[in-house]
């Protein structure tokens, strides 16, 4: 009914062909994974060229959730763009908001009071943990251990409940504003963060016992989907994916924003760049985030939580840039203003977009099951790629 | 040791009432109906149990809305599946597509025929029971292979090819484990194997052969998990990779046949494991007379069910805990570890039997 | 006064007319809804949260989520449906065996939600494609809301809708782009109707309440905050002047964006928070980037992004580079004529990541990259008319323009 095969072939790269693989007449074939497939985490489509079970080539096919966010941004005010970034990487929505706010602050010369900065750091780290918890759950599920999905969610719900108390939303927060945040944190915030830290420490040890040391997991992730350091840099990978390959790129350390330079934390770096390293880096990052949370909650400064609001956000002409480290890597906002209330052009650099571009190189030569593992450890959010 | 009656009183009564050919037919009909009932009830109960057990493992409640404790949930599922539209995709191989769902359920049905549920509850007891079991349990694989091929879908094909490779290899170590019991007990009839385990708990084959019995039991559990296509060895389904594997294209009633067979197969395998290693329908005896009498008072089929359900719980436990293996790991596990291990174990057991180094 | 609500299309049978068989079948179907594993965006996370231990949709028998549409009874449309996905969604719906049910979860699938205006790709309501039975509003709806939606659906099925799909509405069979045209037309019509109704209502209100004086807006006074000076954050790596010096050695014709008649002193004056934004001619574009990447002092080995800006009379291609080891950044921009398909050299040999960034820029702006191995559209269908991020892109058939 729908323009089927001819359409599909036109979307494949020019050199894509199916070759004979043996003298017995066996041939490569291709398999459409997605747009609706349980392990593509949304509506990503992968055209996989296979030789038996072996993956020869992977052609990602994007745009099934392309919602024209950048075009919409040109017709909305600068502050209105914040809510659109919620819907891009919805598991790092606070951190995405922060990036847009920072770009506006840079443009208009707005400062943030200390309490506001601390709120930003703590909320960002909580967000990072909840994103990694969800990833941990879905990683386990992709590898066939369905129960981990629910264990991960169980812990994540606690943080989501805290966010709800903070800003009324569980997923699309829209909490940060240029100059601070929309509202102050409730009184229960610090005690609840402490509770969550306690629970998490226990849970992370449990998670380690369940998956990290599991021989099947080790067998399935070690040496699978190797991304060498040079290639990771060349592809522009960032976040845990790049750090697992040994690329020392964490915006929090590399060019510190907010008050990240006041806290002591390590950036875990992998050696081999395989799936296990990516897994390990994320697990370790959760622990580092807990460290930051502990330090921040020990010295939580008093009021005020935001600076004086501007009468309007008429951004002076010029181009502005801000970058943050989301749970998935380097998120940037580049905006061009023509001294107007609306941006002339606004562009969000999403970490997933670059991370996914390396998939062919990582998965070629592996099995289909490896492709699933690699996709899972890339931790992609498709709406963030398609925007 | 008291001699055990072989025939069921109902069968005896029918034989008295009717001339012999009719009696045989009537008895056969009764047996078939009984087994069919058992198949349906077991499958439905196991579906419920699986969903409840899995929910408890995952800190959830599981079905609660229909019937007490959600007991009617699988009934609702079954009725819904039966009433569902049965789609036949245009490109399938018709014969293969419709034949395939029948085979696995037939296979498990045929296995259940020879399993002794109690002293006098067994439809048939062929002398070469083990051989028969091995032969008919292969029908399940055939169904998966035909279904995957006939569906004309690449996911199904991949799933069924995986199933073929996996099931044929794991059949080997499973058969070797069974062979060990045949060797130790000196009979291939399932009923006689149970009877050879009379005595205390230590007379069960899992304990009676020091080390070898336990190893064989563990090997049996692993390889039967693979045979059953259950996680962590459910590669032919592999929902996250193949969206359902061999049954991707099946709808409604044909899918429910596969679904049903999965659970009946599990019951059959657990029953087989209980029969071979855990003394089947025999009550566990610990050698202290008062307690033994009390235990022996409980009917045999309850003991059989208890043992079988213990094994089923083991299957469920592993399924909801472990991640899935990859196909090449799975095959190398069998060919490089399980098969040599079961061969060595067989040798060990042979030595033990030869020199009578069994627990008295 | 209040108009009667429209009659439901579902024939509601009185209880006495339900025979036991119908009752049982309805009961079974209501209690065994197997959802399809299908989520496009944010709402999918809340759908997963509904499956989690805290909310547990297994209580309603929903936990048997099927990955294959052949075995599913229910699609929960969690997330936005865009033009490209539309045809796939219809295929999925058609692959499901009947009776099949659809829950539209979240604002996007109900009406387009936050993406209603200005978006050229979002379908304004999934019910334009396939019949929807239950709508669960929210952005995203809470898990409790989804559970309530499921309960509502169960109620409907039990009421006698067990026969087949609840909504007797045909599946959309025409090309999706026609649908988009219809969306915009629909909106205009509805807007006109709304305006008329508003005017009518206002007049009626005036007649009914002749002494109404109007509403006085009372502003809630929030806490007052002090102005805070921004904390200066110097950029890492080489100082910008030095960077500029190194570049000038090799490329003397180099300009700097928004700094006319650039000199070294002018760069130094801009302070240590400034990031160099050089303007390069088309001939120097590739050599400059190659120099930036390979020079030992610079080592800009990381491509952050490659994008373009449409200035109505020309395009700016902007390349944003970073040195991982040293930490300095640079913007390189190159001006291109405002043609149908302006051309520039591809960076995909230098940076593997540039491949996708260039494809994206091609898709959005129509800029051709010479030497690109695989220059296809990235996000949009091949037959999409025009390049949407150009300022002259107007597609009244797709875009509903924001009225304020």
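Chains here go by letter, A, B and C, matching the order in which they are written, and residues are numbered from 1 within each.
Everything below uses one rule, namely that a contact is a pair of C-beta atoms (placed from the backbone, for glycine too) under 8 Å apart; a residue touches a chain by one contact, two chains touch by 3 or more.
Just so we're clear, the structure is a prediction, and the values are computed from it rather than from any experiment.
Student: If you tally contacting C-beta pairs, which comes out ahead, A-C or B-C? Let me know.
Tutor: Top pair by contacting C-beta pairs is A-C.
Student: If you average the Cα atoms of each chain, whose average lands nearest the overall Cα average?
Tutor: Checking distances from each chain centre to the full centroid gives A.
Student: If you average the CA atoms of chain A and of chain B, how far apart do the two points sit, in angstrom?
Tutor: Roughly 45 Å, centre to centre.
Student: Based only on mean CA positions, could you tell me how far chain B sits from chain C in angstrom?
Tutor: It comes to 50 Å between the two C-alpha centres.
Student: Give, as an integer number of Å, the spacing between the C-alpha centres of chain C and chain A.
Tutor: A distance of 16 Å separates the two centres.
Student: Which residues of chain C are in contact with two or more other chains?
Tutor: In chain C, residues 53, 67 touch at least two other chains, as defined above.
Student: Please output the residue numbers of chain A that touch at least 2 other chains, ranges allowed.
Tutor: Correct list: 37-38, 150, 154.
Student: On chain B, where are the residues touching two or more other chains?
Tutor: 58-60, 239-240, 243
Student: Any idea which chain C residues touch chain B in the complex?
Tutor: It is residues 24-25, 27-29, 31-32, 53, 56, 58-61, 63-64, 66-68, 70-71, 73, 95, 97-99 of chain C that touch chain B.
Student: If we count contacts the way the header does, which residues on chain C are in touch with chain A in the complex?
Tutor: Those in contact with chain A are residues 36-42, 44-46, 48-49, 51-54, 67, 69, 79-80, 82, 84-85, 87-88, 90-92, 94, 114-115, 117-122, 139-140, 142, 173, 223-231, 233, 235-236, 257-258, 275, 277, 301-305, 307, 309-310, 318, 320, 324, 327, 331, 351-353, 355-357, 360, 364, 373-374, 376-382, 388-389, 402.
Student: Show me the residue ranges of chain A that touch chain C in the complex, using the header's touch definition.
Tutor: 1-3, 7, 10-11, 13-14, 35-38, 42-43, 62-68, 70-72, 75-76, 83-84, 86-87, 90-91, 105-106, 109-113, 134, 149-150, 153-154, 156-157, 160, 170-172, 179-180, 231, 233-237, 247-249, 254-257, 304, 306-309, 318-319, 321, 323, 330, 332, 334, 336, 344-345, 347, 349, 353-354, 357-358, 361, 382-383, 386
Student: What residues of chain B sit close enough to touch chain A in their complex?
Tutor: Where chain B meets chain A, its residues are 54, 57-60, 154-155, 158, 162, 231-232, 234, 238-243, 320-329.
Student: Under the stated contact criterion, what part of chain B meets chain C in this complex?
Tutor: It is residues 51, 55, 58-66, 70, 72-73, 75-81, 83-87, 239-240, 243-244, 247-252, 255 of chain B that touch chain C.
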